Each structure stands twice: as C-alpha cells, then as structure tokens.
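After this come two complexes, each holding chain A, first together with chain B and then together with chain C.
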Partner chain A sequence: MSTALAVVAPSLRTRRTGLRYLHAEWTKLRTAPETVWLVVGIVVATVAVSVLVAANMPCDTAVCGGDPTKTGLTGVQLGQALVAILAVFAVGGEYGTGMIHGTLAAMPRRAGVLAAKALVVTCVVAPAAAVAVTASALLGRHFLPGAAGLPAVLRATGGTVLYLLLIGLLAIGVTAIVRNAAAAVGVVLALLFLFPILAAAAPDPHWERHLLQIGPMTAGLAVQATTGLDKLPIGPWAGLGVTAAWAFGALLVGAVLLELRDA
Partner chain B sequence: MIVVNGLRKRFGSQTALDGMTFSVEPGQVTGFVGPNGAGKSTTMRVILGLDAPDAGTALVGGRPYRSLSRPLCHLGSLLDAGALQPGRTARNHLLWLAHSQGLPGRRVDEVLERAGLQGVARRAAGGFSLGMRQRLGIAAALLGDPPALMLDEPFNGMDPEGIIWMRRHLRGLAAEGRAVLVSSHLMSELQDTADHVVVAGRGRVIADTNIAALLESAGAGRVTLRADAASIDAAAGVLTAAGAVVTRADARTLAITGLAAEAVVSLLTSHAVPFAEVSSHRATLEEAYLELTRDAVEFRAASSPSSSEVTR
Partner chain C sequence: MSAYARLVHAEWTKFRTVRGWVIGMLVAAAVIVGFGLFPGMEGTCRGANVCGLPVGPEGQEVTDVFTFVHRPLTGDGTITARVASMTGARPDLTDSGTGDVAGVVPWAKAGLIVKDGTRPGSAYAAVMLTGAHGVRLQHNYVHDLAGSTTSAATPRWLRLTRAGDRVTALESADGVSWTGIGTVRLTGLPATAEVGLFVTSPQFTKVINASSASGAPSKATAGFDQITTTGGWPAGTWTVATGGDPDAVGGPGAPGGPGDPDVGNRGPAGGSRPNGAEETGGGFTVTGSGDIAPAVAGAAGLGTSISQTLVGTFAGLVLVVVIGAMMMTGEYRRGLIRTSLTAAPRRMTALAAKATVLGGVAFGIGLAAAAVVIMFGPDILRGNGIYVHHVSLATEVRVVAGTGALLAVAAVLALAFGVLLRRGTVAVTVAIVATVLPYLLSMTVLPIAAGEWLLRLTPAAAFAVQQSTPRYAQVDGLYTPSNGFFPLTPSEGFGVLLAWAVAGLAFAAYRFRRRDV
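What follows is the complex of A and B.
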C-alpha cells in the first residue's frame, strides 16, 4: 500500500504541477493584449490573400490555376508568418522584458514551462487556423471551380491546419533557443523561405528536389496538393512529417538548452 | 531559512562568486550590502535556481529552490520590478503567478490591497511608475504567503515616500516572523531597517554582523568640538597635549578621537579655553560600513570605482 502510494504520489504531483503550469501559461496568453489581434490577423490575412489570389487566377481551362484547392489556400503563406509571430511572442516577449526570470522562479521545471507554452499556443492557434483554412477553401471553391474529390480536399485543408500548428511549435522551439523575439522571427522566416529560394537557385534538379524535401515549408505544404501527386518532391503526409520533425526537433533542443543554460 | 554555502561562479574570466557563505534567519531583516559587482544579484539568482553555481549550495528551508513544487509559497522574491509585460494589467500579472502556484484569484486581491494597489489593479502595469512597480513586485513576492522574502535593491528609484513605505513594510514582514533578505549598494538605505548585515565584496562575505553591535563599536570615542576661530588653536593644543588625535574639520570645528566628551569639557575648562559646543558622535550605519571595510584592502580596490556611491 505504502509502496503503491510512493509510486503514485510523485506522478500525481507531476500531473498537478503540469495543470498549474498550463493554467498559468493560459492566463498569460489570454491576458497579453497582442494575442487577440494576432488571432484575428491569422484569419484575416490567410483568407484575404487566398481570396485575392483565387479571384485573380486566370481560369481559361477546365481546372483553374492547375490545382484549385492548393491555389485557394495560398494565404497560408502569409498566415503562417502571423502564427509564427504569435508563438514567438509567447516565449520571446518574456526574454525582452526579463519576465522570464519571474516565470522560472514561479515554475522551476523549465521543460514543463516550454511544454505548457507549446500546448496553450497550439490551443489558441488551432481554432484560428481551422477557421482561416476552412473559409479560404470554401471561398476558393467559389472562385475556382473544378476542385478535386472530397477526400483529397479534406486532406489538403486538414493537413494545412496541422501545418500551421507545427509552424507555431517550430517558432516556440526556435525562440527558446535564440532567446530574442526579433531574432526568432528572423530565424523562423529564414527556415521557411530559405529552402525554396535555394532550391530555385540550385543548378541541378536533383539538388532542387532535395532542398524542397527538407525545407519545413516546402515539404509541409505538399499536403495541400491535390493534383499531380506523383510529381511532388515529397508525398503529402511525408512532407508534413518533415515539418513535424523540424518543429519537435526545435522544441527538444529548446527544452534542453532551457534546462542547461543560466536563465 | 535561506542558507548559502561556499558559492562559486565564474562568467568567462570574471569571478562573480568566490565562496559566498551566509545564512538568513527568520524574524529579522538581513541587509546584503556591497558595491555593484560584489556578487549580490548573482547570489540571489543562484538562490532562485536561475543561475547554476560552479560550486557550493543554496538552500531554502533546507531544500534546493528548483526542487520546490510551489516555490512562491517558500520564498517570495523581487529581482527586477521592471521585468513584466507592459500591456498586462497589474491584477492579471499577479493572476498568472497565482495560477502557477495553484492559488485562487482571491489571494491576488488580498496582496493588491496589502501593497496599496487596489485602485490601479486593472491598469496596464507598463504605465506604472517605478515606485508602483516595486509595490507590485512586493505584492507578487507575498502571493504565496512565504516564510522567507528576498528583494534585490528594492529602494532603487523610489521617491522618499516610497522608501519610507518600503522600510515600514520590510520591518512589518520581519515582525511577522519572516526571514527578509534585502540587497543594497547604499548602506544608508538600510539604516533603521536591517537588524543584521552581510557585507559582500568581490564575490565573498567580508563582514557578517549584527547592526546594533556594529554601530556601537564604530561610534565609540569620537567627539566634535566647535569653538571661536580665536580659541580653536588653543583648544587643539590642549587636547593634543592630553593625548587626543585632533583633526581640523573647518575653521571652527575639531574632530577628536581618543578622549571622551566629558574629558574634553573638563580639560578645556581647567585651561580656561572658551568653546561653543562639545558633542559625542553617534556613528551612522554608513560610517560603520566604511570602518568595517577599511581593512579589506582587496575590497577597497574593488569598490573604488563606485566609492562615490558608497559615501554619497
């Protein structure tokens, strides 16, 4: 009985600690004035750019813009930047003000703090991303007829929502590593956009393909494709897996550094 | 309550802590004094588990801070009152801290009232003056009703009214039986506040003493004499002949050591030297501090760049 208690008690305590950390980080995110604007911004920017691109796409063939579903989700390219900024603020805002010391004095299990931040940011980004992507997809269908079958469209939209959540996690991990909001935004955007730029400049199609396969954005957005899947550099789910590897890799490195370094 | 033992810490080639050792007892205010760079803030950061020491231990209630499940209920701290996100209201700043310890929102209202911030609780903390931020920091430190408190330079940037408030508050917290550690680079700030003082220099403790005993030893045997310019030379001659060490403070004032005030009066009277005033000198904490640190040559070398701050 007492041995059972000795085993159970610490895990119960850990769970209670986890809930307290989540509660604290949720209160922080909820009461930061920029959060609501960034959430609105994610939706507005994603839908606006998607609609602009879809409405102006020349539609002289039966299948508009090559891949209408993918074209209808173009706004995600901008929306992801706002997701990244929201996630960077959740960690980097504390480094800028020095409040991170108060956070770690109140919650000394540092990896737990990062996990709590990752979870609450995901919970805030998820509904915004779901609304933004769904609205973009529906409006895209209005402007661009000839979309693919339902299973492919559902995979493209659902996968895009997951992609945005992974970009948030990547940004949290990167910010924990560089400990500066401005630098973190720069690093995340560089990680996203450097690979397609390098790929475009690659002298050899073999290299180009490899760069597109390992870039967190180029690989992850393969999940939006509904036509010409055999010509993609990487499969839709495998591509999302690459983005996930980037995101969780960054989180892991960030957590280890947070534990080891002086705050 | 707080026990620091043999802390060592280097930042690159700079030695921040070099065997820092002291303890903070409950029921009294312990001043932690030394020039900037003496290692006070680093020591506090090590106690809070923010910095890891290269050697030594820091324990709060017998345990390392980072092993505490609800640390704010063991040790309340205020390192930097400006370290908060400016857009959040004072109440919400305290609310996330309360939630991190599993404390209810009611507790937030209690500490806001104790710090005198009820009226501005729903205002963004970014618009607060430094004095109000210090009050908010005190409120945060008291959230968990901890038996020990640790404040880094709480008087910095406060107006005189705020300093009086802070002093009274610190005394009150100690009177409730809490252990209170307060750092300052100005000894005078701790006058009438601290019961005990730990003087730090170059990363280690150079004095660890009771304030009352310190004042008594430092104040002994110093007398000031004021007399007419005409008779001051005669007075100096008489007193020097009697074995006192006399220094001329200005044209009408002598500082005397080695003779008690009564002896000075009877000597001058018997030699018929007129004088205006003889006063026995009570040392200020600042003078006691300088006397205490006079022998620490190393310390003096370390503190000389900021000596103007120490003697101001």
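What follows is the complex of A and C.
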C-alpha cells in the first residue's frame, strides 16, 4: 500500500488538502458496491411506506388522517434507517477492514477526514432524500386531500430533507465514536426509535413531553407538522435544531476521539 | 463429550471473552430494570385520593356506576317493563365543538337488573337495551350475551325472572309474544335481592389514531313504562340510587392515573337532566352515567397495567439484537469463520451451538430483568400515585418468561440475518426494523386497523406476551399497543416471532451449508 501511495501522492501535491480529502472520500463512497443500492433503497423505502400509509388512511373528515402532509411523509421513518446504514458504512466499513489505517496514513488530519466523509455522505444523501420526500409528498396529496397551505407544506418537505441529512451526520459521528459498524447502527436506531416508544408508555404527561422534546427523531420530525402547531411538544424549527444538536454533537465527540485515540 | 456439547462450550468461551458482548447483555438487563423502576412518573392517586376499583364476584376489577330505581325482592319473582325511549348526550369532541351533542353512545345501557345489594362490585344479572349493540343479557361484569339487534330508537319490552339462583331474560316487541335471551346463574345470590330499572352510559372516546384519543363522560336518559311485577315483592316504594358522582373513582370521569395528555376529560356532559329518576305517570324517566362492566386499563380506561413497566424491553431488545447479529458477522469480519469451520466442519452443529449460547444468555438476562421489574415496578408506580391493575400470578409468570423468550428468539432471528447477510450493519438494521419499527409505526402514525395488521404479521407480534389485562368486547376502550393491548393472544404473537426465527434459521442453515464460508 505504501508504494501505491508513494506513486499517487505526488500527483495530489498540487491540490489543496481539503479538495484532496474530498476527492478521496468521494471515490471510496462512489465505488463501494452498496452505495448505489442504498441510494435507491432510500427512495424506494420512503416512497413505498408513505404511499402504503397514505392509501390506507381512513378519510372520514375533510382533513384526512389528522395532518395529511405529515401522514404522507411516514415513509421517512423507514428511509432514515437506510440513510443511517449508508453513513455508517462510510466510516464503519473502514474499521471493519482495517482500511482506516491506510486512510489515516494518507490523510493525517483526522478531523479533516471525518469532515470530508460527512460532506460526501451529505452530498450523496441529499438528492436521494429530495427525490424520496418530494415523491412522497406529491403522491400523498393524491391520496390525502386537504393539505395545509403551501408555506407549511414547503417547510414540512424541506425540513424532512434536512432531517434526513442530519440523521446521516448523526450516524457518522456515532460510528466514529463506536468504531464498529454493527454496534453503531444499533446505537443510531436505538436513539431514533426508543424515545417515541418510551414517551408513549410514560404514564406521566410531563415526562412524555420531555422525552418527545429531546429525542432526535421525535423532535426533528416536528418539522413535518402542518396543523396543530400549538399542540406540538416542540416547534418545527426548534425540533430540527434538537436533531442538529445531536448530529453535530456526535460529530464533534467523534472528531475529538478520532484525534485522541489510536485508530 | 458430544460434538454439540463441545461446540456449545466453545461458543460460550467465545461469547464470555468478548468484553463488549458481556457488557452489552448486562446493559440490556440494566435498561429493562432501569425503565421498569423509573421513579419519575407521578399520578393523582395518593394522599387522601385513594384509588381503588371495586372487585367483581369473579375477581376482576370493575366499574359499577349507574342510576338504579330499585325495590327489594324476596324469593322468586318477575319484573317486566318497556323501554319506551332512549336518548343521550355526549360531549362534542370535534375541534370546533365545545358543548354537548345529542346521541346515545354505543354501550349506553337501559334495562332491568337483579343485583346482590347496592354495594359496588356485587353480583348481578341485567337485561338491557344498548345504544348500538341491541339487546344484551349481561351478568357479573364480564359475561355478555347478545339478544336481538333492536336499535335504541325502537321501544322494547324486557322481562327478568328470578328463580332461585337462576335469572332468565326475555324480550318482546309488543309485550305479547316473548323471545328468550338466556338464563344465567348467580351463585350465592341471597334470598332478598335489589331489583329494578337502571340506566348508565360509559365514557365516550373518540380515537384519532393509536396514540391520541379524547374522551369525556356521556349521559343517557330512558323512559320506562308498563312496569309490572309478580312474585315476592313486599309493599313499598321505589328507591332511587345514583351512582357515584362523576369525579369519584370508579365514576366515569375518574382520572385513571394521569393518562395520556391527549385524552382530555372535559368534565361530564351537562345536558338538562341531572343523573337520577323521576316518576312520570306510571313509569320512570331515568338518567344515568357510568358503566357496569369490567374496568379496562389504558388511556381511555382506568389506570395502567403491569405491561407498562416493561417498556425497557425495547432498549434491551436493540442491544440483544446487535449482539446476536455480531456473533455471526464478527466471524466474517475478521475471517475467524474459516478457523471456526476448520475446527468444527459440521456447520449445522456449529450454527446450532451459536444459537443455543445466544438464546440461552438472552433468555437468562430477559427473565431476570423482567422478574425484578414485575416484582418491584408496579409497587413503585402505586407508591407514586398511579393505579396499576392487579393480575394473577400465572399472568405475571407468563409475562416474565415471555419477555425472556422474546429476547432469546429475536436474538436468534438476528443471528440468522447475520448468517444470511454476513454484514453486521445490514443484519442489525434488518433485525431492528423488523422487530421495533412495526411497533413504533402502529403506535404513532398508523390508523389502528393498519397497525394491528403489522402486529399480526411482523416479528413485533411477539410483544403480545407482555399483555397483562384482557380486552372486552362489551367495553369500548383504547385497545392499542401503547396501552398494553395487542391484536394477537400471547401464544399466537410469540408463535409469529418463532415462525420468523425458525424460517430465518432454516434458510440461514441452507445457505450456510451450500456456500463457501
């Protein structure tokens, strides 16, 4: 490997380090066999679940299923799991094969490696998320009439795309902390799914509300609400802010640990 | 030592020497116990506000609140009356509504009753016209027998005859030709029973989806006429007893623990008529609110069930599933699988040994954690003022053993995914998405019917082993997973998970045998 690097390195010397890191990470992610399947999977899973739920929602009132826009985006709850896998692979795959040693030898600025991975994963997830969310929203309107006004719908869909990007960043940060792909995806899915379950089982309304406010998924998906905003445990943008805090917090801890620990 | 026993020993050695897995299993037990004994939940049943539900003759906790126009009957006798009219009022629970709307709720009841005194929870048999379920013969709270499907708008003649400990109910459209509904036996009914007319109307609940519902007490008014009695009726007048006021425990507005904040108790439906009865030219007009039925746990009912203390099972499940998948994918990751299969060339035995160790450990920690939670969790909730329904020892044992078995079989399913997919990340995701996500979706966003199908078909069906209180067809409740109710029985639900695990393991074994490592 070292001879290969010795051959390749001079050609990169002319470029700025950041671009070089990005180019390396982009090549790795692009050529990994599972990436394209996961991107397709994000779109298919999100749209399929959204349509299944929207088509089966009983419409006994003018406004279907409580909040039609939110209901039409239900598939995100499955799609985010695939986003998490994609992000976990981008970091955890290297720990699994030991390639991380080569990566860090070639790119010694470790925080820079993590940032490059985060940026590249975001660039891959963004179009998939945009397509998945837009298709879900449009199909949802077909099955569930009575959606709210355009500004609210745009906030819900745009916010959902941002939410999926943040879940990718959260997964990257967690994987950098845990350094094991399987354990990392377990941690991420537990963080996402456990808060709403615990909240629903909490017999105390205050605890329920607090659990919904701090959970990365329950808070972040508040951005999907278009009706009854005053009854939400947390406001739409504030909720997305909670998810962002989780994501960037995990990235920060991951970067610090990456710098401090022996890979 | 047989090859299988030798391999189990080898797998056990592998398992116990991976520090992360041992810690993970211990943490799984700790989170189940931690959430079960979580001290932060507060209820209103404390201090002077002692919550207690009357217990029916067959041991169930019951609601026994109604308006009762009665006289003592000594020995055998018959009462006949016509329910000439039945109307009701329920709160308007639409977004814009504030007051009451007219309407009889489906399980509003008006009819005749033979009861062992007026003590709440005493034995009874009653024939009644209901809001939307026709004529019924019910006794001792949990038994329900259907008669004709007469609507509440149609006058109906009802007759109740006591002979010894047997009570027979008949109904008629015209008071001339009578149809029998059935005969029930009330064991130990004393010679003198309270017999008469009753009206009651249960909490009206509007379900929005599985996680939100709103409810408020409703009220029913029935006009009785053509009242005739034969048999051992001493001379005397009718006494009117009104069931506890709506805020009393056992009353329709009782806070069943703090409940779901989405269940707004908006106070009793006012209406023009207070609960009670007035005599109207040879008959009575009776207004009542409450129910004579088993008490149901959950957001629309009263209190909570022991199932709620086991919510940490989800966190434990995620950990166990991760360890289960990694037990297999870890071997692929480092190429250890080649060494393992060189040492143990009989692959089926090797797989069986892995499943045995994993399942055994998961069962053990699940059993121990659930046992601790069921022993102490409900008492802690009660200490914090939350009403927890009592369950039999057999139910507790089933819930505890079921929780252990649920973790064990789910872990083995994850192991099978690990063999099939060979990548830890994918195997873990598939296992978590298959077991936890269906429960989450059915609880939060899906309409109840769709959610129930998910909980019949996916491995998440196995959470039915944790259901501790039964659902009753004759009580409209919020029978949802988050309130501890599942669409399948415990054994059926567990059977679904078992079928998934057996199928997964069989397919994994087939693939494992056929392919190169």
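General remarks:
FYI, the second predicted complex is superposed on the first by the 248 of 263 C-alpha atoms of A that agree within 3 Å, B and C clash if a C-alpha of one lies under 4 Å from a C-alpha of the other, contacts with A are read in each partner's own complex, and residues count from 1 in each chain.
Quick note on the criterion: contacts are C-beta pairs under 8 Å (C-beta built on N, C-alpha and C of every residue); 3 or more make two chains touch, one makes a residue touch a chain.
Here the structure is a predicted model, which means the values were calculated and not measured.
Considered on the superposed chain A, chain B and chain C are sterically compatible, since they fit side by side. In the superposition on chain A, A:Val153 makes contact with neither chain B nor chain C.
With both structures placed on the common chain, the touch criterion links A:Ile172 to neither chain B nor chain C. In the superposition on chain A, A:Asp204 makes contact with chain C only, not with chain B. In the superposition on chain A, no contact is made by A:Val161 with either chain B or chain C. Taking chain A as the reference, the larger set of touched residues comes from C, when chain B and chain C are compared. In the superposed model, A:Val88 lies in contact with chain C only, and not with chain B.
Of the two partner chains placed by superposition, only chain B is touched by A:Ala105; chain C is not. For the pair chain B and chain C, the least inter-chain C-alpha distance in the overlaid model is 10 Å.
Put simply, chain A uses no single residue to touch chain B in one complex and chain C in the other.
Across the complex, chain A meets chain B through its residues 13, 16-17, 20-21, 23-28, 31-34, 93-94, 97-99, 101-109, 262-263. Contact residues of chain C toward chain A in the complex are 20, 35, 40-43, 208-209, 211-212, 257-261, 304, 308, 311, 314-315, 318-319, 321-322, 325-326, 329-330, 333, 381, 386, 423-429, 432-433, 436-437, 439-441, 443-447, 449-450, 482. Within the complex formed with chain C, the chain A residues making contact are 53, 56-58, 65-66, 70-71, 74, 77-78, 81-82, 84-85, 88-89, 92, 96, 180-186, 189-190, 193-194, 196-198, 200-209.
The touching residues of chain B, when paired with chain A in their complex, are 45, 48-52, 65-72, 77, 79-80, 82-89, 92, 95-97, 99-102, 140.
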